[in-house]
Structure formats: structure tokens, C-alpha cells
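Two complexes follow with chain A in common, the first pairing it with chain B and the second with chain C.
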Partner chain A sequence: MAFLQKYLTFFKMRIRCGLQYRTAALAGIATQFCWGFMYILLYHAFRNSDPAAYPMTAEQTATYIWLQQAFLTLFASWQLENDLIAQIKDGTVAYDLCRPVSLYPMWFCKCMASRLSRAMLRFLPILLICGFLPAGYRMCLPTSFLCLGLFLLSLTLAFLLTIAILMPVHISVFFLLNESGIRSVFANVMDFCCGGLIPIPLMPAALQKFLSFTPFLYMQNTPYLIYNGYLPISDALRAICIQLCWLVFFIPLGVWMMKKALRRTVIQGG
Partner chain B sequence: MKTYHVSAFRMYRSFFSMHLRTAMEYKSSFLMTIFGMTLTSFASFLAIWILFDRFHTVDGYTLSEVLLCHSTIMIGFSISEILLRGFDVFSSQVQSGSFDRLLLRPRTLFLSVLVSRMEFARVGRLVQSIVILIYAVWKTNLTFTAAHTAAFVLMILGSAVFFSALMILGAGVCFFTIEGIEVMNIFTHGGKELGSYPLDIYNSRALILFFTFFVPLSCAQYYPFLYLTGRESSFFYALTPCYTIVFFLFSLIFFYFGVRHYQSTGS
Partner chain C sequence: MIFVKDLCKTFRVARRDGGMKNTLKSFFHRTYTEIPALDHLNFSIEDGEMVGYIGPNGAGKSSTVKVLSGILVPDSGTCTIDGRIPWKERTAHVKEIGVVFGQRSQLWWDVPVIDTFLLLKDIFSIPDDVYKHNVDELTDMLDLSQLLRTPTRQLSLGQRMRCEIAASLLHDPKILFLDEPTIGLDAVSKIAVRDFIKRRNRERGTTVILTTHDMQDIEALTERILLIGHGKILKDGSLSSLKEEFVTERHMTVLSSNFKADSLSLPQGITLMEAHSDRAVFSLDTTVLSVSDAISAISSQTEIRDLSVDTPSLDTLISKLYCRYEVL
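Presenting the complex of A and B:
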């Protein structure tokens, strides 16, 4: 347990640090409300134009959108840890290498903590208020306790998977020394493929099929679709298994990349 | 002693070429950033396209009509992003105290902030939007009389003025909050997203009224769009983008009002 203690401490430190930005959180909540409403109005407009072509009910759409807004900071693809990247660039990563901890789990903890702390300040107020909106805009309750349980499990896995996929992006800075290019390309592709712009069920069938071979289909949208009942329990269980598989793939990949990167890293004194 | 007085226009031109040459120094990074930026706007285009692939129309509007809205807004947005980047990232100047230096310059503040930054990497977005606009105009079968051409030009200019005004307003707010505030994004990026569709599809009268009188997004784009596509026949609709100038002047006054309240952070 003492082995985990170190990482837990990093985690707690980061959480406390992140919890200080309360005004930013308030502004974030306001922004996310506006975005949420905008998307719901937009999708309702499309729904009214051709109800037969729309795969979800109005309530399911609203629930999906609010969940997405509430947990936005958990899954934000454009949110890289800037201080980790700065560390690589200016060489202060050497200090971290001197510590008796492994870099990969430490960075993983840091990423987790800063996302969690941001989400902790935001998701409750958003979900609470959204539960009391008029019908059609309201955030609905899950259909069963089993559904809620699977949602929480899948949410956790999707969160871990998001970080596990972003870790190689952080590590690539060791090789590239400039993150702006890979950041904007990767963030855009990932955001789109995860259903950040339009919910996955609204995408063409061929694209959905293609995405099912990538990890992106099993990230943020999976827990939301479990919650709103779009995915039946059997599909939900299958999706959770696939989430686990991708996690088992991406964590070792990140560890391996980190090892590779550190082997060729030269810290220049100064 | 002879003093050289360079006209504001010449000064702007030399800063313009300076920023352009600076960007060109790091060509690969510049191209990569252009690519990344273009990808962002391409994604929002793709989202519209995918939705129309499934639903074909929204509230009676066709894909090409929506793209007409989308591209004019994006053109206006990218023009103001390229040229008024100094106002967009103004909070950093207030935070670091480098705004003090601008106050000492023998030029108007507006000009000084204007030339402090230009963001040519956004050019990809502009080019992409122009291509989409050409496609949309070609597909929509617009009748171009002199009045329609005026509406069309005013619509694009109005969008650019509208977003420029928002950026100046955001910069003015920084004098009071020091930090750049995310809430302004509701109007800039929110306006960009909202305006990608004709505003009446949202089916909310309050929304249209708000975006007519307080934040004149509809004046910039929605009303002339209605005239352009023949949904409204009164020429008054084509002239509404002129109202964005009022909004622009208001933002400018607010900015200078902010300057009077400016206390240097001292760092």
C-alpha cells in the first residue's frame, strides 16, 4: 500500500490545487448551460423536421446533452496538462526523474486529478438545475439502479481510457518538442470521433461502424447512452468489456512509449 | 528638427508586413497550425453535413442555405480573428502590465492594440469558409439583383464588424476583471455556432430578440439572409447589418471607458 501512497499524495495535491479555481468554475457552468441549451434547441429542430429519422427521444437527447456538458472537463480532448509539457520542454522533468516514483503513474495521477477537480466543481450544479427544467429539456433519471450502476462503471472506465489515450500525446512531446501541431490535430479528431460535436447515434451508419473499431466509440458517449437508455443492458455490458480491452491496450502502450522516450532523453544542464 | 509623421494607414501596413514575415519565419509550425485550425472549422462543417445527410432539411431550410449562413459567419469570424487578435488576447497584456507600454505610445490606443498582434494562422479557416460560401451560393440558386448583391456584401461585412465589436468589448471587460472571462465565449463562439443556422430554427422568439437588440447577431446575418433567399421582400432587411456599426461604436466607447478605469497590475 505504501507504494500507492505516493501517487495518492500527488493526486490529492492536484485536487486541492484545482479546487481553488471557483470563479472559473462558475463561468464554466454558465457557459456550459448556454451550450447545452443551444444544442438541445438545435437537435429538437432537426427532430421536428424529420422525427422518423431521429434515433432518440427528446428526453434522451436532453439527458445526453446535459450529461455531456456536466462531465465536459473529464473528457475534454483539447485539455492537455500544460505544466507537464512545459516540464518536458524546459528540462525540469529531470527533477521528477530523480524522485523515487515512476513517471507514467505519476503523470496519470496528475491528469486524473486536474480533470476530476474541475469536474467536481461543475457537474453537480449543472445536473441538479437540469433536473428541474421543463419537459423536453429536462435531465431525466436513469431507468433502473442497474442502469445507474453500469453508467457509473462505464463513466469511470471512459475517464481512465481518455487519459490513457492522451498520455501518449503528452509523451510524444519528448520526440517532437512542440505540441501545438499534434495537439490541435489530435484534439479535433478525437473530439469529433467521441461524439463531442454530434452524438454518435446521429452519425451515418457507416461511420458508426467504422468508429466501433476505434477506441473513440467507447469513450464519453458510451456512459451517456447507457444512462439515457439508448443502449440496452446487453449492449452496455458488451461496451464495458470493450472499454476494458482498450484500457489494457493503451496503458502498456503509454508505459512503453515513456520508457522509449526516457531512454533517448538527454537533459542538457543549465 | 524635422519630425516624421507616419500616417496610421502606413503604420498599419508596415506592422501587417512585419507580422506576416514573423509568421513566415517558422514555416512548418505555421503550416501545422493552419492545418489544425482548418480542421476545427472543418469539423463544424462536417457536423452540419452529417446532420443533413440524415434529416435533409431543418425547418424548411436546405443544406446549401444553412451553409450560406455557416460560411458568412465563419468568414466574419476569421477576418476579425486575423485582424483583431490583439483585442482577443488582450487579457494577457493587462495581466503582464505590458499595456502600460501602449499607453506611452504617441498613437491612439485603438491602433496600438490593433497592430500588437495579427494571427495569420487563421487564414486557412478563411479560405475554407470562402470555398464553402462559393459552393453554397452556387447551389442555392440565388437571384443576384443589385439589391441582393448589396445584402450579400453587407451580410459578410456585418458579420466581420459584429465579431470585431465582440472582441473589443471582451478586451474592455478585461480592465475590470483583469482575467479574460470565459463568459465572453458564450457570445463569440456561441454566436459563431448559433449563427451557423438561420436563427429561427431554434424556435425561440426571446433568443432572436436578444440577438437582435443586445448582441446584434441577427442584424449582421440572419435578416439579410432572409432577404437574400427571398423569404422577406422588404429592402430594410438587407440594411440591418448597418446596425452592427452602432454595436461596434458602443464597444469602442466601452473599451475607452475601461481604459479610464485602468490600474496597472504593476508587474
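Presenting the complex of A and C:
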């Protein structure tokens, strides 16, 4: 327990820091409402033109969009941990290395905490209000408790997977010394492939097939589709297993990269 | 016990001349220069010692501290601290050391200092009673009571440095590395920091390794000096023996009412540096002429109203040392 205590304290500290930004949260909520409405209007327009060709019901679409807006900060691919990057660039990482903790889990906690703290301020108001919107725009309840349980499990795994994939991006700053290139390329590709721009069920079949071989399909997309009932329970269980497999792949990859990076790292200057 | 043998670390630096043409050229072909930051470094430090680690900029001081604290992996050579190799057993090693990098901060910027302390308590798994005792003691000695509840960003540099030093001592480290701890501090803060380090060394037997460019730090704190240049230890000795060896010059200021300093006949080893109507400054080489002989030679020719003999500053000594070993 003492071993975990370190990381837990660190996690709580980061959460505390993140919870300070109330104005940002309010502004975020407002933005996410606007985006959400815009998306729903857009997809309803598509759906009305040819309901047979559209893969989801109006309720499923609205639910997907609102979940996406509510948990945006958990999965935001463009949101790298600027603290960590600044630490690598200016050498303050030297202090982290003078602590009896492993850097990978510590940084993982930091990413988790800052995303969670941002999400904690936003998701409840969004989900609450969206539950009382007129039909067609309303966020629906899950079909069963099992469905809710699987959604929560899958949401957690998707959250961990997002961070596990972004860890190598952070670590690459040790080698690249500047993150702007990798940030802009990776963030956009990842955002699109995860269904951040267009829900994955709306993509062409060939692209969906391709994405099923990548981890991206199993990030935010999976829990939302479990919640809105698009994925039947059997498919949901399969998706959760695949989420676990990708986690088992990406965490060791990050740990290995970190080890490599620290061996060759030179903290420059005085 | 710190033991360093044949430690080497070379950095590869891409160098080019300025200008557009060279920038474009370096796109296709880069010339690298190998800079030996540490070149077969050897020394050992006993428990409870207080050592000043000095050398000009770029001599390898910070690199050594980084290797000793386990965050830089050397190319070759051995280094053991209490039987451990710092970069191989990093987590076990860092529990026993405290580090202050004067130019960086370990305190969380937006939250009160005490929050960082609490975080360190858990990170280092410090027991409650030890933590409480140490915080009380450090608060008392470094006068932190008002500062702990202030967010780091609102502290002055001197206040922050006192908190940084306290933060690195919460876990009772046996060895304390201070990399320019007094950089940019005012006189009062400097003295407070020095007194504290001295007391810690005396009362707890903490080994202190101090790198600094501030010679008053060295004079106030350390008995032993390690001089590093070009990645090698050039001189290892006590401050007083270095002074004896290198500072053979004295400045003698003589006050007199009727002074014709120019017309004095001076014995060998003494030269006139400044002459005023009521005062003259002589330079004396003590290897040629003793201080008492010099005084009697002058007093026989003029009436001395007042007299002072000064040793040149430690800065002069150090710059002499640097010149002697051609490390600049």
C-alpha cells in the first residue's frame, strides 16, 4: 500500500491543482453545448434525408454526441500534458529523477489526474441538462444495468488506453526536443480515427474495417456505443477484451521507451 | 562515503558557423565536436565532510553532480555512494540524498509550499513523526512559518530558495548536493542559508557537496576544496593550504600625515601601488620580505599614523588557480 500511496498522493495533488480553474470549466461547458447542438442538428439533417441509410436512431445519435461532449476532456487527443513537456524541455525533470519513484507511473498518474480534474467539473452538468432536452436531442438512459456497468468498465479502459497511447508521444519529446510537430500530426489523426470528428458508425465500411485493426476504434467510440445500445452485449464484451489487449501492448511500450530515453538523457545547463 | 574512479562522460555538440549558408549546409552535413565533460575523474569524500566543488563555467561541476545524483549515465568509470551505483540503483540511491539545483525549482508553482512538502512526505514515505519533527525544525531554522502557506509563485527568490533547501531535507538525506544554492540571493538570505547548511553538517553529520561561483560561500562553509577543470580534478586540498601556497601577496595601506611616498627607498619585495597625499598602498611579496621587515623599512623613513595589511580576496586566489592550471 505504501508503494501506491506515493502515486495516489501525486494524483490527488494534480487533481487539486486542476480543480482551481472554474472559469475554464464554465467556458468549456458552454462550448460543449454549442458543439453538441450543432452536431446533432447536422446529423439529424443527414438522417432525415435518408433514414434507411443512417446506421443509428435519432436517440442513439444524440446520446453518442452528448457523451462525447461530456467526456471530451478525458479523451482529448490534442491535450498533451504541457507541464511534462515543459519539464523535459527546461530540465526540471532532473528533480523528478531525484525522487524514489518510477517516472512512467508518476507521469501516467499526472495525465490521468489532469484529465479527470477537467472532466469532473464538466460532465455532470452536461449530462444532467441533456437528460431534460426535448426528444431527439435528449440524452437517453442506458437500456439495462448490465449495459451501464459495461459502459463504465469500457469507459475506464478507454481512458487508460488514451493515456497509454499518448505517453510515448510525451516521451518522444526527450528525443525530438520539440513537441509541436508530433502534437499537430498525431492529435488530428488520432482525433479523427477515434471518432472524435465523425462517429465511427457513420464512416465508410472499409474505413471501419481498417480501424478495427487499430487501437483507435476501442477508445472513446467503444463505451459510447455500448451505452447507446448500438453494440449488443456480446460485441461489447469482445470490444472490452480488445481494449485490454491494447493496454497490455501500449503500457510496456511506454515503459520501455521511457527507460531508453532516460539512459540517453542529458539534463543540459547549470 | 563517495568514491569516484576514472569517470568519463563525453558530449557530442553540433557546431556550425552563423549565417544562412551554413544553416542550410548543416541541414545535409553536420559537424560534431566531442566535448569531454568528465575526463577520468577521481576523488573520494568521507561521511560528514563538507566539500566545495569549484571550477570555471563548463568545467564539469554540474555534470559531476548529475552523475552523483543518478540522473546522468556516464560513458565509463565507476562511482559508488554508500556502496550503490547511483544511475543503476536510482530509486534506492535517491532516498539517501537531497539535491538543490539553484537554477531550477522543485516546488509546485500554483499551490502553497506546504502542499509540495506533503507530496514529498508521501513520495519519500516519510513517517508522520519524522515529518512533523523535520518540518518544525526546518521552519524554525530557516524562518519559514509565514512562507509555508504562501503559493510558490508569490515568494521572492530568497524565500523560495529557503523553501527549496527545506524541501530537499525533509527525508533526512545523508548527503546533500547543493548546485549553486546562493545564486541571486541578497546578503541576508545568503547568510541565513550558509548558517543553516553549516549547522546541519555539524549537528546531523550530513555530507555536503557544494558547487558555487560565490567564493564567500566557499570561505564560510568548506574546509576542503576540489578544483575541477577540463573534466579533471586539478587540486584537492584545504582552503588554508591553498591560500598559503597561492596567496603570497599582501596589500599594505599606510596612513601618514607628511607623505612623500615616491621618494621612499623600498627594499626588494615591496612595490608602491598607489600614492596619495596622506596615504599609500604597497604590494608585498611575502616570499621575499616578511611583513614585519616591510613595516620596519617603511616606519624608519616616515611616521606611520595607521596601517592595515590585507590578503587579496578569495576571488583573486581562485582566478590565480584557474590561470595556473590553464583551465579558462
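The rule we apply is simple: the second predicted complex is superposed on the first by the 269 of 270 C-alpha atoms of A that agree within 3 Å, B and C clash if a C-alpha of one lies under 4 Å from a C-alpha of the other, contacts with A are read in each partner's own complex, and residues count from 1 in each chain.
To be clear about the criterion, contacts are C-beta pairs under 8 Å (C-beta built on N, C-alpha and C of every residue); 3 or more make two chains touch, one makes a residue touch a chain.
Every value quoted in this text rests on a predicted model; they were computed, and no experiment measured them.
Novice: For A:V248, using the defined touch cut-off, is the partner it touches chain B, chain C, both, or neither? Pick first, second, both or neither.
Specialist: A:V248 sits against neither chain B nor chain C.
Novice: Touching A:A86 in the superposition: chain B (first), chain C (second), both, neither?
Specialist: In the superposition, A:A86 touches no partner, neither chain B nor chain C.
Novice: Using the superposition on chain A described above, determine whether A:L42 touches chain B (first), chain C (second), both, or neither.
Specialist: After superposition on chain A, A:L42 lies in contact with chain B alone.
Novice: Taking the superposition on A as described, I'd like to know which of chain B and chain C A:R263 touches: first, second, both or neither.
Specialist: In the superposed model, A:R263 contacts chain C only, not chain B.
Novice: With both complexes superposed on chain A, which partner does A:Q20 reach: first (chain B), second (chain C), both or neither?
Specialist: Touch partner of A:Q20: chain C, not chain B.
Novice: Can A:L177 be said to touch chain B (first), chain C (second), both, or neither?
Specialist: neither
Novice: Quick check on the superposed pair: does A:F10 touch chain B, chain C, both, or neither? Answer first, second, both or neither.
Specialist: Touch status of A:F10: second partner only.
Novice: Just checking: does A:L128 make contact with chain B only, chain C only, both, or neither of them? Give me first, second, both or neither.
Specialist: So A:L128 meets neither chain B nor chain C here.
Novice: Scan A:L141 for contacts with chain B and chain C and give back first, second, both or neither.
Specialist: In the superposition, A:L141 contacts neither chain B nor chain C.
Novice: Contact residues on chain A for chain B in the complex?
Specialist: Interface residues on chain A, with respect to chain B: 24, 27-28, 30-31, 34-35, 38, 41-42, 44-46, 48-50, 53-54, 178, 180-181, 183-185, 188-189, 191-192, 197-198, 202-204, 207.
Novice: Would you tell me which residues of chain B are touching chain A in their complex?
Specialist: Residues 29, 32-33, 35-37, 39-40, 43-44, 46-47, 50-51, 53-59, 181-183, 185-186, 190, 193-194, 197, 201-204, 207.
Novice: Help me check something: in the complex, which residues belonging to chain A touch chain C?
Specialist: 2, 5-6, 8-10, 13, 16-17, 20, 90-92, 94-95, 97-102, 263-267, 269-270
Novice: Help me check something: in the complex, which residues belonging to chain C touch chain A?
Specialist: On the chain C side, the touching residues are 11, 62, 66, 69-73, 90-92, 94-95, 97, 99, 101-106, 108, 110-111, 115, 118-119, 122-125, 179-180.
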